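Some structures to go through are shown next.
Both complexes below contain chain A, partnered by chain B and then by chain C.
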Partner chain A sequence: MEIFLDRLFSGVTAGSIYVLIALSLVVVFRSSTTINFAQGEFALFTSFVAWWLTTKGLPIVLALFAAMAVGFTMGVVAERALIRPVRRRNETAVLIVALGLFTALNGADGWIWGANDKQFPEILPHGDNDYFVIAGSRLHYDSIGIVLAMILVVTLLSLLFNRTPLGLQMRAVATNPESAALAGVKVGRVLSLSWGLSAAIGSFAGVLLVPVLPPNQLDLSSFFSILIFASAAALLGGLDSAKGAVVGGLAFGVAESMINGYATFLGGSMQLTFALVIIVVILVFKPTGLFGARRLERV
Partner chain B sequence: MTAADSADNTALGTVSRPLLEVAGLRAGYGAANVLHGIDLSVLPGEVVVVLGANGAGKTTLMRAIAGLIGHTGTISVDGQIIAKARPDEMLRRGLGLVPQGRGTMTAMTVRDNLRVGAISRSDAREIADDIERWCTVFPPLANRRNQIAGTLSGGEQQMLAIARAMMARPRLLMCDEVSLGLAPIIVQQLFGVLRDVNQDSNTALLLVEQNAELALQIAARVYLLEVGEIAASGETEQFRGNDAIRKSYLGY
Partner chain C sequence: MSERTRPYVVHRGTTTHRVMIGAGLILAAAFVLWARGFGQFNQGQITRVMIYAIAIAGLNIATGYTGLVSVGHSAFFGLGAYTTGVLVVSHGWKPEATIPVALFVCFVVGLVVGLPALRIRGLYLAIVTLAFGVAFPEVVARLSTITGGAEGLTIRRAMLQPPTWSGFAIGQKGKWLFWLSLFVLVVVMIVVHNLVRSRYGLALMAARDNELAAAASGINLATVKTVAFGVSGALTGVGGSLFAMYLGSLVANDSFTLLNAIALLTGLVIGGEGTRFGPILGGIAVVYIPYYTSDIGQGQAAAVLFGAVLILIMFIAPEGVAGGIGRLGRNVMVLVPATPKRPGGERSSARGLGGNSERPRRQGQSIGGEMATPTD
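And then the complex of A and B:
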């Protein structure tokens, strides 16, 4: 029972991380039907920015906000300067540009900050004694923090989408961009804002989770596997559904933890394979995912 | 300009300035030009219909005026040339379009569709009143306010499309084939509403139609569009009196 709870807790924690990154993918996909493969690298870049600011003496909480602001700006600029010019011509080109951005950002990180691992200051309590005991199993404070952060982001996003004029415009652009334009919505501006918002969420997640995830420090590949897992989670839930991202992310995190825990003959190295198998299975059998509405046409 | 002003102008027979004036308009898709120099105007409060067969360029004309596709030639609103028309800019100047195919935001509720229609306005109370008003004009929408719009029937979606465009309170409502694919009784009803829209709020109408008979019942002036050019134009009565035109467009 303790071992089961341990695995459940670690699954939910990992799942919440996937939810956060999956949500940032969903925010972009909802409005522009693009999967932004550079999403993880946005988060990596801004995590480096946050790390660099803390080495200059800025408290980590302020560095977090700075990272989100940088992320937001990067998202807006990337959409406006790189994505929009090629979108009109070709959807495949958008994908290529996103992949190019992925490698370019990763290269830039290494060039600016070097390839060695960075000790990252934690924002959530991560000490050896920072945990509750529930039924004999340890529930760490930082796990609780990640889950709470996920709940906070989900709540704020759902308020934004359902209770604000900007959310109304985002939903309108997502479901019928031409009708939205005819109603006076500035579609380009809404798309830019979506990319900015998405990158800000990614940055928030990045700064929070780097110290929590093994190996607990920042390196150039920190977000590579997270992006794959989050993509699988977003696909599982349905790429245009925020609810899907939550269910998909948590389901994926728990399943992964259970498989790792109980199917030990697979070893720990099968996680990425597992994620890719899920991606392929969903794309073949249910491309809209569990909660998605839109047919997936452009992947 | 208020509704009363333009009504006076017409009554006194003074030449009022066109609300919309299009001159030498060319537009199309990529290298293929569909419109080859269109001249057309709509006065404030006037009802104008553009008749044409499939492929004549009716939809392209509507899309170019609404700012959805680029054009050469000039589009003027209130005498002012709009150099690079964008949909939000044209709407701000008072031009609303009911697009072909109804443009339903299928994943949103009926009420949210109407709220999007009013996104250019900020008077929350009046927006709520207008939503109620259009639910009264189109009773099927009233019961389905919280229903996902994609589940509405074709006729209901066309009602929603007209109501959504009217939520912006345009001075000129452009409708791209309102009658397409709908039962005659629904089409009658929709044209009745369009007539009311014109008479009650003095909203000008620019309708493109294949359904000539109904459109001519409410139109003051007619343009005939043939393969991207205006083949003829004039008052509706003249048109009815012209045998050749009547035979080819009205079929009797």
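And then the complex of A and C:
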């Protein structure tokens, strides 16, 4: 039972992280029906910014907000200056521009801050004694913090989407850009804001997750696998559904933890392969995911 | 100017065309003879260019000609390399004998990876290939008993000696690899050339340009796409196999990561998607850009530059360098298909036109490029 709870807790923690990055993918996909492959590298860059600010003596909480501001700006600029001009050409062009951003940002991180691993300051209590005991199993404070942060982001996002004029515009653009434009929505502005918002969520997630997720350090490849996990989670839930990202992320996190714990014959180190299998199975058999509204594929 | 200067029209298969091909071959041969005398380091660089050109030529089949963007070809590159590595180290094979095996293994895996392409397109296929590329090092680490795991696999120098029939001495591994890579590159170029001009190649491009129309014209999209992915993976795997011989030590987390896959894709986009010489230009870019920028920005300048160039190319010349040169070149000269032979097999008309084609012909609009087929 304790072991089961341990695995459940670690699955929910990891799942909450996937939820956050998956949400940032979903926010972009909803507005511009594209997957931002550079999403993980946006988060990596802003995590580096946060790390750098803390080495200058800034408290980590302030650094977090600074990182989110930088992320927001990057998202807006990337959409306006790089993605929008090639969007009309075709999907491949968008994809390749995003991959260009991916390498350029990854290289820029190494160029500015060096390629060696960085010890990242903890924003959540992460000491050896910071835990509750529930039915003999340890529940660390930082795990709770991550789950609470995820709930906070999800609540704020759903308030934004459902209760504000901007959210209404975003939903309008997501449903039908032409009609939205005819109804007076400034589609371009909404797209830029979506990308900015998405990158800000990614930055928030990045700063939270780097100290929690092994190897607990910031290095240049930190976000490769996280992007894959988050994509798997987002696809599982449905790429255009925020609710789907939450369910998909948590389900993916828990499933991963359970499989690694119980299916020991698989060796416990095949997470990425597991994600690959999930991605393929979802795309082949149910491309809309669990909660996706639209058909993604038309034959 | 009221009228644009008409480009020079050359028919395929005429004397002029043959002379131009001959001149190109002589230039290439001259370069090879020149490169033969290079020092060890520079010759090694040329060998790497050729290896990457082979790998990118493979990627070109899927991404350039069929429109299936793959962000995971580093995995095929790695798979080819590990096939060679494992066969040489654990089973005592001759390195050059492993190339066909790498080709076959990567072809089969390519078919399997290509299967989702039947239902998945565009971005979604890119995610699948991305996940494939990211998962590859993990699988290598998992199969550590065969692959040496995270520590890597070292092929001892003694195992990579040139075979006796090649006529190279024991120490001339570099020279032997140079010629071997050149041979493989030439074979790959010829295969790609013939493939692209075959019925099957036309089917690939039709599937890329308009799936519905292609299917309506009787193209079996399922077969075409899956086989394209298989061939693509196989050629890239051959590149990987040569890479294993070149490098002698394989570390999946170094050489076959996502960044590597993006480097291959960058090479292809810079060189020119769906062009025959694009992969060679791409190979040059992939090898020499990091080389000349290694002193800048803690060795990370190459990645930044790759990214910037990738974006820039999409903005200013989506057809890549080879495509751009081709487009500019068509202002000066256009190559048009040979006039079909008359029934009866007489070549009289083709001969006659061959004479004429020395001068620009008065026919249609001059800027139609390859579409400007003359009528009799």
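The rule we apply is simple: the second predicted complex is superposed on the first by the 296 of 299 C-alpha atoms of A that agree within 3 Å, B and C clash if a C-alpha of one lies under 4 Å from a C-alpha of the other, contacts with A are read in each partner's own complex, and residues count from 1 in each chain.
Here is the rule we use: contacts are C-beta pairs under 8 Å (C-beta built on N, C-alpha and C of every residue); 3 or more make two chains touch, one makes a residue touch a chain.
From a predicted model like this one, the values you see are computed outputs, not experimental measurements.
**Student:** Touching A:Gly184 in the superposition: chain B (first), chain C (second), both, neither?
**Tutor:** Touch status of A:Gly184: first partner only.
**Student:** With the two structures laid over each other on chain A, which partner does A:Asn176 touch: chain B (first), chain C (second), both, or neither?
**Tutor:** Only chain B; A:Asn176 stays clear of chain C.
**Student:** Output check: A:Leu95 vs chain B and chain C. Expected answer is one of first, second, both, neither. What do you get?
**Tutor:** second
**Student:** Examine A:Pro165 and indicate which partner it touches, taking first as chain B and second as chain C; both and neither are also allowed.
**Tutor:** first
**Student:** Check whether A:Ile35 is in contact with chain B, with chain C, with both or with neither, and answer first, second, both or neither.
**Tutor:** second
**Student:** After superposition on the shared chain, which partner residues are touched by A:Thr55: those of chain B (first), chain C (second), both, or neither?
**Tutor:** After superposition on chain A, A:Thr55 lies in contact with neither partner.
**Student:** Of the partners chain B and chain C, which touch A:Gln119 in the superposed model: first, second, both, neither?
**Tutor:** It touches nothing on chain B or chain C.
**Student:** Counting touched residues of chain A, say whether chain B or chain C comes out ahead.
**Tutor:** Per-residue touch count on chain A favours C.
**Student:** Should A:Ala104 be classified as contacting the first partner (chain B), the second (chain C), both, or neither?
**Tutor:** second
**Student:** Touching chain B and also chain C: which chain A residues?
**Tutor:** On chain A, the chain B and chain C contacts do not overlap at all.
**Student:** Quick one: in the complex, what on chain B touches chain A?
**Tutor:** Checking each residue of chain B against chain A gives 66, 68, 86-88, 91-92, 96-97, 99, 103-108, 112, 115-120, 164-165, 167-168.
**Student:** Could you please specify the touching residues of chain A with respect to chain B in the complex?
**Tutor:** Going through chain A, the ones touching chain B are 165, 168-169, 171-172, 174-176, 178-186, 293-294.
**Student:** For chain A, which residues are in contact with chain C within the complex?
**Tutor:** 34-35, 37, 82, 85-86, 89, 91-93, 95-97, 99-111, 114-115, 221, 224-225, 228, 231-232, 235, 267, 269-273, 275-276, 279-280, 283-284, 287, 296-297
**Student:** Could you pull out which chain C residues touch chain A in their complex?
**Tutor:** Of all residues in chain C, those touching chain A are 67, 69, 71, 116, 119-124, 126-128, 130-132, 134-135, 138-139, 141-142, 257-259, 262-263, 265-266, 269, 297-311, 314-315, 318.
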